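I have a structure I would like to understand better, so I am pasting it below and will then ask my questions one at a time.
Per-chain numbering from 1; labels A, B and C assigned in written order.
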Amino acid sequence: MRPTLPKIGLLKGLGVTLKTMMSPSTTSQYPHVKPDLPPRTRGVIALMEENCTVCMLCARECPDWCIYIDSHKDTIPPKKEGGRARTRNQLDRFAIDFALCMYCGICVEVCPFDALFWSPEFEYSTYSIRELTHEKEQLRVWMDTVPAPPQLEVGAEIPPEISDGLEAARKAAEAEAQRLLAASQPAAGGDGAPAGGKAAAGTAADDDIHVEAQVDQETFDKLVAEGKSERVARAKAKAAYVRKEKARIRRERAGSESPPAGGDQGERAGG
Amino acid sequence: MTDLETMTTERGQGLLPGGPGEGMLVEVRGEGELTTQDMNLNIGPQHPATHGVLRVVIDLDGEKIRRAQPIIGYMHRGFEKLAEARDYRQIMALVNRHDWLSAFNNELGVAIAVERMMELEVPDRAQWIRVLMAEWNRILNHLMFVGSFGLELGAITPVFFAFREREDIQHLMESATGGRLHFSYARVGGLKEDLPRGFLAASAQMTKNVRVRNAEYRDLLQGNEIFVARTRGVGPLPRDVAASYGVTGPTLQATGVPEDSRVTEPYEKYGEIDVKVPVGTNGDSYDRFMVLLDRIDASCDIIDHVLDNITSGPVKTNLPKVVKAPEGAIYVRTENPLGQCGYYLVSDGKKNPWRLKMRTPSFNNIAAMPYLLDGALLSDMIAILGSVFFVVGDVDR
Amino acid sequence: MTIAVLAQSLLALDNVWLALGLKLGLIVVFFLTAPLAVGYMEHKVMAHMQDRLGPMEAGLGPIKHGVGQLVADGVKFIQKEDIIPTAADKWVFSWAPAVSLVPVLVILVVVPFGPGVWAENLDAGIFFALAVSSVGVLGILMAAWSSANKYSLMGGIRAAAQLIAYELPLVLAAAAVVLQAGTLSLVGIVEAQNEFRLLGAIPVPYAVPHVIGFGMFYVAALAELSRPPFDMPIADSEIIFGHMTEYSGLRYAFFMLSEYAGMVVLSALATVLFLGGWYPWPGVPLPDGALGALLGFGVTMGKIIALTFVMVWLRATFPRLREDQLQRMSWLILIPLALLNIVVVAVAKVML
C-alpha cells in the first residue's frame, strides 16, 4: 500500500460518511412514490383472450406446470353448401397459479399468437396462497397495464415483422413511382413501361385469382409412392394443383395483354 | 446426514451437536493439567454471518477454535434431478437459481455446453452482449460481497452503498432482461432478444459511477486501519492447499495464482479482450477483499471494451422449435464470479439432458473451511466466513 | 486560583421532602426523554450517513419524519410477552436489566447541567459517578450468565474482560482532570475550568491541555458502553446480541435504555470534565437567575448532543475491533498514556 500517515485511513472513512450525510439520500419512499419500472419488467402475466387459440404450448412449456387450461371444441357449420364443417377451440378456463410461477417468461415467449404479455404489475399480494391462482378475467384486467415494448438498440437486427413491412412499403412505393412515370410518359417506351407496369399489376392481381382446390393426381401418386400418408399426400397435391392453376391463369392474363408471347402460353394453358 | 451420530472428538466421546443436551461435556484431560472444557458451538443454520443456511459446528476453547466442520445440505433442491426432466430452455430458467448472485453466468454455461455439443455458431453480436451481461453480473456479485463483508466485521455503512450500486445496475439489467435477479436472458444459439435503446449509453455511464464509488469503498474499508487489523493475516490460505481443495475464483487469486478461465480457456469473446486478473500475495482475508475490489475495476474495463467493439447483427440463431442436443457428453468450464463453474452435460439425443452435473465453485471454496478455521479466534471465523466467498444455493444446489 | 463560591442548587427549597421529590421526578423525566432524543438522532444521522432516510412514517400528531418511532417502540416493548427461558436462572435473569439501568439513573443525581441545575452537589462527585458506573458491569454479567445460551455466555465473557480493561483509562483520565482542578466535586470542576487560563492568559476548556486525556476518556466511554467500534460483547453478526440475546419486551427495552442513557450520562461527564460544563467558553459569564440556568442547560445539552453525534458517527463508519486488539489497545497503549498524562499534569501544575 502507498505509505500514508498513520490513522489517516480512519479519518478518510469519517469523511466519506460525513459527505454522504450532507448529500440528499437516494431512498424513494414507496408506497407514496411508485417505482419507475422499465417496459420489459416481468411483473405479472396478462392474457389477451381473443388471440388465444388454445394451442396449449404455454402450458406444455411451463417448467412448473402452473398454467391450467380447459377448452372444448365448437363445430361451426360450413359457410357454403357441401363444405366441410369447421371445428374451433373455445377457451373455457385459463388460470395461472402465481404461487408456482417462477416468472421465467417461457410461456410469453412461445405463444405463437401473441396472447400472453408481461405486465409490470407487482402489487397483487393476497392473504391466502390459494387466492394466487388467477383466472382469465383477472389476467384480462392486467392487459390494460401492459406497456409498449421499447425500441431496440442501435445495431440490432430489425425484426422480420418490421423488415417485411418495410420491404412491402418499399415495393409499393416503387410501383407507385413506376406508375406515375408511365402515366406521365405514355408515348415513350411501349414495351418497357407497360411490361414493368404489367409485372407490377400481375403481382398485385395475384391476390384475386381464386382457384378451387382439387387434387393434382400426378403429385398425389408420386407422394404416396414415396411413402407419405394419404392425408399428407392429398394436402400437398391440392397445393400443387392450386399453384399450377394460378401460374396458368397468370400466364393467360399476361399472354392476353402481350399477344406476341401468347403462342406458347396457349399451349401451356392447354396442358 | 447420519454421520452426525458417529461424529466423535479426539477424546472418543460421541457428540450430537444441535440436539438436546448438546455439547456440555466435562472431560478431564491428562494428569496434573489444568482441566478445561471445550465448548461445542453451533453456528447456524440460521445465523446473521453465514451467507444463508450453512452450519458450522465448532469446538471452542475460550475464543480459539480447535476444530470446525461445515455441514451442508440444508438447501439441497435437487437441481440435477430436476434438470433431467426439463428441456434446455427450461433448464436456463432453473439454473439461474443455484448461484443466484451470478444468474446470467450460470445460464451462459448451460448455453455454451449445448451449443458446443450441437456445434452451433453463435452470432457475433450475441457473443458481445453475453460478455457484457456476464460482466455486469460479475460486478453485481462482487458488490454484494463487498458490502456484506464489511457488515460482518461491524462496518454497517458500506453495505448500503453497495446495495445502492446494485439497485442501479439491477435497474439497468431489468430494462434489458425483465428481471432483477433471475434474468432468463440467454438461450441456446444466442439471446432471448436484443437490448433496448439506450442500454449501451446507460452502461457507459454506469461504469463511470461504479468506478467512482469503488474509490469510496477503498476509502471506507480498504484503507481503514481497524479493517486492516481485522483482516490482515487472518485465514491465510497457501497455494498448494488451495489447489488441493480445488478452490477457484477470487479466493484462489488472492493466494497469488492468476488462474482465470476467461484467460486460460476463453469462451465467447473473451479471447479478444485483455482480461486483467488481479492477484494477492498470501491469501488472507485482506487479500481476498482487495482482489474483489480490483476485479470490479477490471470488469468495468471489460465492459468499456465491449461497448467500444460491439457489432451489429442478429442475436438469435434459427433453431428448430424443440432444441435437441446430439448424443454425447461435454464438460464446459466458465468463470463464474465466485470461481470456476463446470457443467457436465450428457445427452442421449432427446430434448432433456440425460444427466447434467454441475461443478459449483462454492462447494470447493467451503471445503477449505476446516483448514482455514483451525486455530482461529471466533471473531476471525466471521472474517474468514465472509471472505471465502460462497452462496449456499451454489454449495447445495 | 480560587474556586468561586459554590452556588446553591436551584431546587434547594425549604421543604426537604418536596425538594427531594421534585429533583428525583425531574431526573426520571430527563432520564426517560433524553435517550429518546439521542435515539432519534442516531436513527436519522446514521440513516443519512448510509444514504437512506431513516424512520419517516411514525410521527407525533402532525409532525411525521419518524419522531414518534421510539415512542412506538416503547409501547411495543411494553405489550410484549415476557419470555424467560426454561433453563435460565429466573431471579438473576429478571433482575439483570434493573441492575444495569439503575446506576445510570443514580449518576444523574450528581451531574450538573447548568448553574444551579443539579440535584446534589456531592463533594466527591466524580468519584461517586465512576464508582456507580462500575456497578452497571454487574448487570451485564448477570444477564450473560443466567440466560442459558452459549452466545450470551460468549458475550458475557467478552464484556467482562472489556469493561474491566477500560475502567482504568476512564478513571485515570478523570483523575488527571481532578488533579488539575483540585476538587472532586463536579460543580467545582466546572467552576475551576471557568477560571483556568492556559499559560496564564488563554481561556480554554480542559480539553486543550488534556487533549490526550479527553481522547482517552471518550474512547474508554465508548468501550464502557459497548458502542462500536468496541461492541464485541454485542457483536450482532457473531453472537447475535451477546448478553441481551434472550431478552424480549420490557427487559430488553431497559437494556437499550441503559445504553442510550449511558451515552447521555458519559457525554455529560465528558462535557463537565473537559468541555467547560455549562459555560459557553471559560471566562464568558452567564446571566443570573432562571435565564442563566436555562442558557446553561442549553449549552450543556448542545455539547452533549455534539459528543453523542460523534459517537453515532463512529458507529456508522468503523468496523469492530477484535477482542484481543481491544485489550491490547487498553492495557498496552491507553493505560501507560493515562499514567503519563497524570505525571505531566502534576508536573505542569506545580511548575506553572
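For this structure, a couple of remarks:
Quick note on the criterion: a contact is a pair of C-beta atoms (placed from the backbone, for glycine too) under 8 Å apart; a residue touches a chain by one contact, two chains touch by 3 or more.
This is a predicted model, so every value here is computed, not measured.
Relative to the centroid of all protein Cα atoms, the closest per-chain Cα centroid is that of B.
In terms of C-beta pairs in contact, A-B outnumbers the other of A-B and B-C. Work out the mean CA point of subunit A and of subunit C, and you get 72 Å between them. Centroids of subunit A and subunit B (each the mean of its C-alpha atoms) stand 39 Å apart. Remark: subunit B and subunit C have CA centroids separated by 44 Å (rounded to whole angstrom).
Shown for subunit C are the residues that touch two or more other chains, namely 49-52, 316-318.
Contacts with at least two other chains are made by residues 10, 13, 16-17, 20, 26 of subunit A. Within subunit B, contacts with two or more other chains are made by residues 157, 161, 164, 220-221, 224, 226. Across the interface of their complex, subunit A is touched by residues 45, 47-53, 56, 313-314, 316-318 of subunit C. Those residues of subunit A whose C-beta lies close enough to touch subunit C in the complex are 10, 13-14, 16-18, 20-21, 23, 25-27, 29. Every residue of subunit B that touches subunit C in the complex is listed here, in rising order: 23, 39, 41, 47-49, 62-63, 150-157, 160-161, 164, 220-221, 224, 226-227, 229-230, 377-382. The part of subunit B that touches subunit A in the complex is made up of residues 86, 89-90, 93-94, 125, 157, 161, 164, 171, 174-179, 182, 184, 192-200, 216, 219-221, 223-226, 228, 310-315. Contacts from subunit A toward subunit B in the complex involve residues 1, 4, 6-10, 12-13, 15-17, 20, 26, 37-42, 61, 63, 102-106, 109, 118, 150-157.
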